[in-house]
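Each structure below is given as structure tokens.
Next come two complexes, and both contain subunit A; in the first it sits with subunit B, in the second with subunit C.
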Partner chain A sequence: MGKNKNILGRRMDKRLKGFLLVFILPTLLLYTVLYVWPFFYAFYLSLFRWKGYSMDGMLYSGLHNYRKLISDDIVWLGLKNNLFFLVWSTLIIFVLSLFFAACLTRNKKIRHPNIYRVVYFFPNVLSIIVVGVLWMFIYNPSFGLLNGILRTLGLESWIQNWLGDKNVVMGALVAPQAWMFIGFYMVLFIAAMQNVPEAYYESAMIDGAGTIRQFFSITIPLIWGTVRTALVFFVVNAFSRTFALVNVVTNGGPNHASELLTTYLYNQAFVYSDFGYGSAIGVFLFVVVFVISMTVMKLTDREAVRY
Partner chain B sequence: MKLKHTNKPLDVLANVLMRLIMISYAMVVLFPMLWTIMSSFKTTSEFYQNVWALPASFKEGFQNYINAWNYAEIGKNMLNSLLVVGVSLVINVLLCTMTSYAISRFKFRGAKSLTTLFISGLFVPLVLGTIPTYFILMRLKLYDTLIGLILVYATYSIPFSVFVMNAIFQTLPDEFAEAAALDGCGPVRTFWSIMMPLATSGIVTISIFHFLWTWNDHIYAMTYVPSPANRTLSVGLVKLTSMAQYQTDWGALFAGLVIVMLPSLIVYIIFQNQIQEGLTSGGVKG
Partner chain C sequence: MKKLLAFLLMACLMASVMTTALSAGDNKDLSILWSSGGNGDFVDYTAAKLKEAYGLNISLEYNAKAHEILRPQILGGNPPDIAMVQHSFFDYFAAIEGGAYLPINDYLGLTVDGSEQTVYEAGSSDIIDSLRVNEDAYLLMSNMNVNGLYYNKAMFDAHGWDVPETWDDFILLCETIKTTTDIAPFIYPGRYPYYLQSFIMPQVASAGRGMDSIKDINNMTEGIWNSPEFLVAAERIQYMRDHGYFADSIALSHTEAQMEFINGNAAIIAGGSWLQNEMGDAWPEGFELTYMATPSGAAADDEKFVLVSGNFFGFLSAGANSDWNGEFLQYYFSPESALTVAREYSVVISPAMLAENEEIRNMLSDSVVQSFMSANENSKYFMLYSMWYAEFHAQYQNQLTALISGEIDAAEFCENMEDLAQQVREDDFITKYQVS
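On to the complex of A and B.
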């Protein structure tokens, strides 16, 4: 790296500068205008009240939106629901994907591990709408797949209006998320596990450590770096992802039971045109995501084992 | 060896259990898909009769596809999708490959901070930007235009694309570039005729990922280009969903699902190795 400059020599410096400008500037411009700037602009917009759809109706109102936010029950309900999804989907997705990855890398008796990889990853390439509509029909009370299965198994008492009942809807929405992302993280973990040298397992076997023991004392510590990065990435993106899904499936209903900070933000802005309040919820959301990812980083910060 | 022997029955049991779990989960993944395809050939009355039954006639069921195509204007929406996804893909891939090359292989002041700036975008929740971006697009007179959506899509993939391409360019050996420089190639020539071809695997990876997420996005398309003439396929499907609920034409909706699913499915089947490798080489390597 960087050797090019030495070879090209001083006379080329000007040409090199021009080249760097042409190669970097367009990307930087787009990125600044549509990625970095909106991020800071959101803070500014959150200080205004709105009348109408355009920017003409903006009225400076200081911290009014933030005061409103603190006393808004739906904001706290949304936060609670966001955290519910975060905890449960993280738990289910990471436990199952680590388990499947370990099965496929360590258990040599499973035939055609590649077929499992291809199949498990598959829901990840589907559009969230397709996944959403698909699960709406799995949960459909009159002809849905799930109630159909329960009926066939004779478990009539378990039949529910999965998306219409405020006590079940949140749990019902975790399943499609897990279904979509288990394969993704499994593929990630398989790659990491394949890098663990076989010799460790061999010596553990000689020492008499069983499969489960090996998993916790060899596999997990050695792939910890990957797990940690994946976790932070998952947490940051969880909020956008759950939004797209809930937006299609329930849009926060029934009666706010599955309302998220993100669905609330979106509807405040683009349905009720209260862009200032929407932005304030966005800033609040950003702070929450920031705190959570920092906490995850801190909690998972163990000495990485080198091999 | 003694130990291993005593473990055997347990091992066998664990093996069987593992395999059972793996197979059941494969069914959990595949079954809803097969059910969707099957249901797309059913008439509405068949829907209410029996969840498990096969469609009465695939020939009649095909009417669902024609209905979906007509109601949701799928043909027009698909053209919009192809245009937006295709153009934004070319812009994103070209710009990010150029920029990654410049910031990862040349030492100049700011190269490091630029890299950090681009990649840190991966760790910011995008939802925060929706409202401001709406106003910025209005200011630029790009609101509700396909060009606006193209630029948004091209921009939103920048952090991931730069991340992947940086990793690729850093692993390429210096010798080629040096030889080219000695032969009198300028940096641009070196990039086009030597470095780009060497980075093909990365370019394929970022193209696939850009395709998949833009093809599947409905939130940004719905928000930034609301008028019916600008609908993409995903947004069309959202409309079809609400329409099907009023008219209870479930067959058409399922046919719509299959139509939207198909391109992603084909891309996945063709490129599945590339997708899975790209995911890991783009390296969440810790």
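On to the complex of A and C.
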């Protein structure tokens, strides 16, 4: 479509453009004030040392907060834990949600697939706080469900202090994350898979392609746009939606073993009253997420497949 | 028609302006923001009395996230007139530094309603003085808690265990419990290591110079965190760790640890006077929750040290109405208010009043009365540094977790703490406070 032409290909006159702008402007303004401006203000704040209780108490410190960030071991530990979530949550959720989506879409032997969709999607409806508290009880070393089941099965050697042991706490936190989001991505993939024409599968079957070959040669390429979107969601979720879960379940403990960039940012700003440093961590977080998202988009960029 | 509409609009505008102008001189609106939660919503009595006596329009908001509401209100210039928020989430001293709070010096001499005590006396003069900034008082304690150790007297009687008075007795008891039962001798909420302050600091004080050692801790005196007395305290924790006296509670919250205690899986818990009320109906029949002053000395009659804590409130500088601050305090710290709160929430507003008023004591559970009587009889201390240096306090708790989980030993714990303290001393951005 050429410049200054509307959907019908006709040149838009100035009055029409002005009319459209009037409708877009309030939302754009709201978005700028509530979403864009805080980004820039966070950059600005990161150059100050500020306790957050009086605008007069802001002390310009240049790059002090960034120098502190570079030498702060907790920041790098938080980044490592966020990447742990990114890798393992993505792997588990991606594989399982694709698998379930394929089963419920392609396997005609499964009766009442809608029931399974509801069951798998249900955890996604719960508040993340509820999920966190639920899993805290599951992981309780004394009366928790998990250790209880292990004890019953005679697997006492597998019993752990799931949330109190620095060696297992991160793995323990991946489980509720996966449990909560498998259903969401499954539904996303089901919607994409249902748009793949059945004729492709029939042709493939005639040509002798098995189920697995069909999945990798037909399904995946034709839902690649959705897969790509899901991967970007994974990146964002690994850095943003994990905050509430960790904050409720472990608050970054024991002794920073489950600390994330977001939980550390929160504590620096709202608990230790160092908004400047918290903002610097926020800026760092923004850069990390941006770089990873762009990398994912670049690596997954491919021409659309057409058969 | 247009003229009629314009006239009506103008009349409405004039009416609203006049109403505002006429009511501006009344100053009868009072807004109060109060953190709700474990300690109860106990400004109701005071608000009702102010309404009854002075015809005030009181806007009283109880909110568990009051600290999140208050900060932006302070920055926006529209805070409530009076606010109580949890100090673990709100840096009162930074707010005072920023001019957010009014000094309360002028109100301290007022007599509380129904008593001859002054606000200064009823509001715990030692706490008021500890919280002064540059000689001015800004904060009052809304309620006091006594922190310490608690046990089930019925369990102790059934096993024939004596309540320890010295450190050696305590260790002997722990060993007896460990070797003869499946009960963990000692439990604390691992997610909140600060619960151990009531246990650790008496060890420091007993091994050192008593209250002067604790004062040095609050004042971040150079060398205190790796001093001989602090090393003794750390070594005692390490000893308990190495001998398996701690329950496996590193990941437990306060309520989870308390449930373990209630279920008889642990003999002694580090808790506070809120324990009875907080666990509500969970206490089984026959459970006798009893307070124990932390055994830390070498002899039974050695000085004992009791940690007190609580929540704080003050009057906001940018609040719309400061005319009723004195009256608020006169009712809040009155005997009737203390009695109401004790009856409904088992919470102590004024320890001074509790000591003198048998009616208040009768409203409280035994464990609460025991806690406060012990605080009155022994040396009370406050961990002020935890309010002044929040990040340092968080790092202290992390180091404690590392010590108890076996990652570090006592000497390393002390060295790390002194290094962290030195960083605080050298950081000019962190305001330093002193206890006199």
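Structure notes:
Operating definition for what follows: the second predicted complex is superposed on the first by the 275 of 307 C-alpha atoms of A that agree within 3 Å, B and C clash if a C-alpha of one lies under 4 Å from a C-alpha of the other, contacts with A are read in each partner's own complex, and residues count from 1 in each chain.
As a convention for this text, a contact is a pair of C-beta atoms (placed from the backbone, for glycine too) under 8 Å apart; a residue touches a chain by one contact, two chains touch by 3 or more.
Nothing here was measured: the structure is a model prediction, and the numbers come from that model.
Partners subunit B and subunit C, once the complexes are superposed on subunit A, run into each other and clash.
By the touch criterion stated above, A:142 is placed in contact with subunit B and with subunit C alike. Once the two complexes are laid over each other on the shared chain, residue contacts for A:161 go to subunit C alone; subunit B is not touched.
In the overlay built on the shared chain, the residue A:42 is in contact with subunit B alone; subunit C does not reach it. Within the superposed three-chain model, A:270 lies in touch with subunit B and with subunit C [touch as defined at top].
The partner of subunit A that touches more of its residues, comparing subunit B with subunit C, is B.
When the two structures are aligned on the shared chain, A:187 is found in touch with subunit B, with no touch to subunit C. Contacts of A:56 after superposition on the shared chain: subunit C is touched, whereas subunit B is not. Of the candidate stretches 81-89, 117-125, 135-143 or 261-269 in subunit B, only 135-143 runs into subunit C once the two complexes are overlaid on chain A. Common to the subunit B-facing and subunit C-facing surfaces of subunit A are residues 54-55, 136, 142, 270. Across the interface of their complex, subunit B is touched by residues 1-5, 7-8, 15-16, 19-20, 22-24, 26-28, 30-31, 33-39, 41-42, 45, 54-55, 96, 100, 103-104, 107, 109-110, 116-123, 125-130, 133-138, 142-145, 148, 152, 179, 182-184, 187-188, 191-192, 205, 208, 210-211, 224-226, 228-230, 232-233, 236-237, 239-240, 243-244, 247-248, 262, 265-266, 269-270, 275, 278-279, 282-283, 285-286, 289, 293, 304 of subunit A. Those residues of subunit B whose C-beta lies close enough to touch subunit A in the complex are 3-4, 7, 11, 14-15, 18-19, 21-22, 25-26, 28-33, 35-36, 39, 47-48, 51-52, 95-96, 98-99, 101-108, 114, 117-118, 121-136, 138-139, 151-152, 154-156, 158-159, 162, 170, 174, 177-178, 181-182, 186-188, 190-191, 212, 215-219, 223, 234, 237-238, 241, 250, 253-254, 257, 260-261, 264-265, 267-268, 272, 275-276, 279-280, 284-286. Interface residues of subunit C, counted against subunit A in their complex, comprise 68, 71, 74-75, 88-89, 91, 94-95, 97-100, 190-191, 248-253, 256, 260, 265, 390-391, 394, 398-399, 401-402, 405, 407, 429.
Residues 49, 51-57, 59, 136, 139-142, 161-166, 169, 250-251, 253-256, 267-268, 270-274 of subunit A are the ones that touch subunit C when the two sit in their complex.
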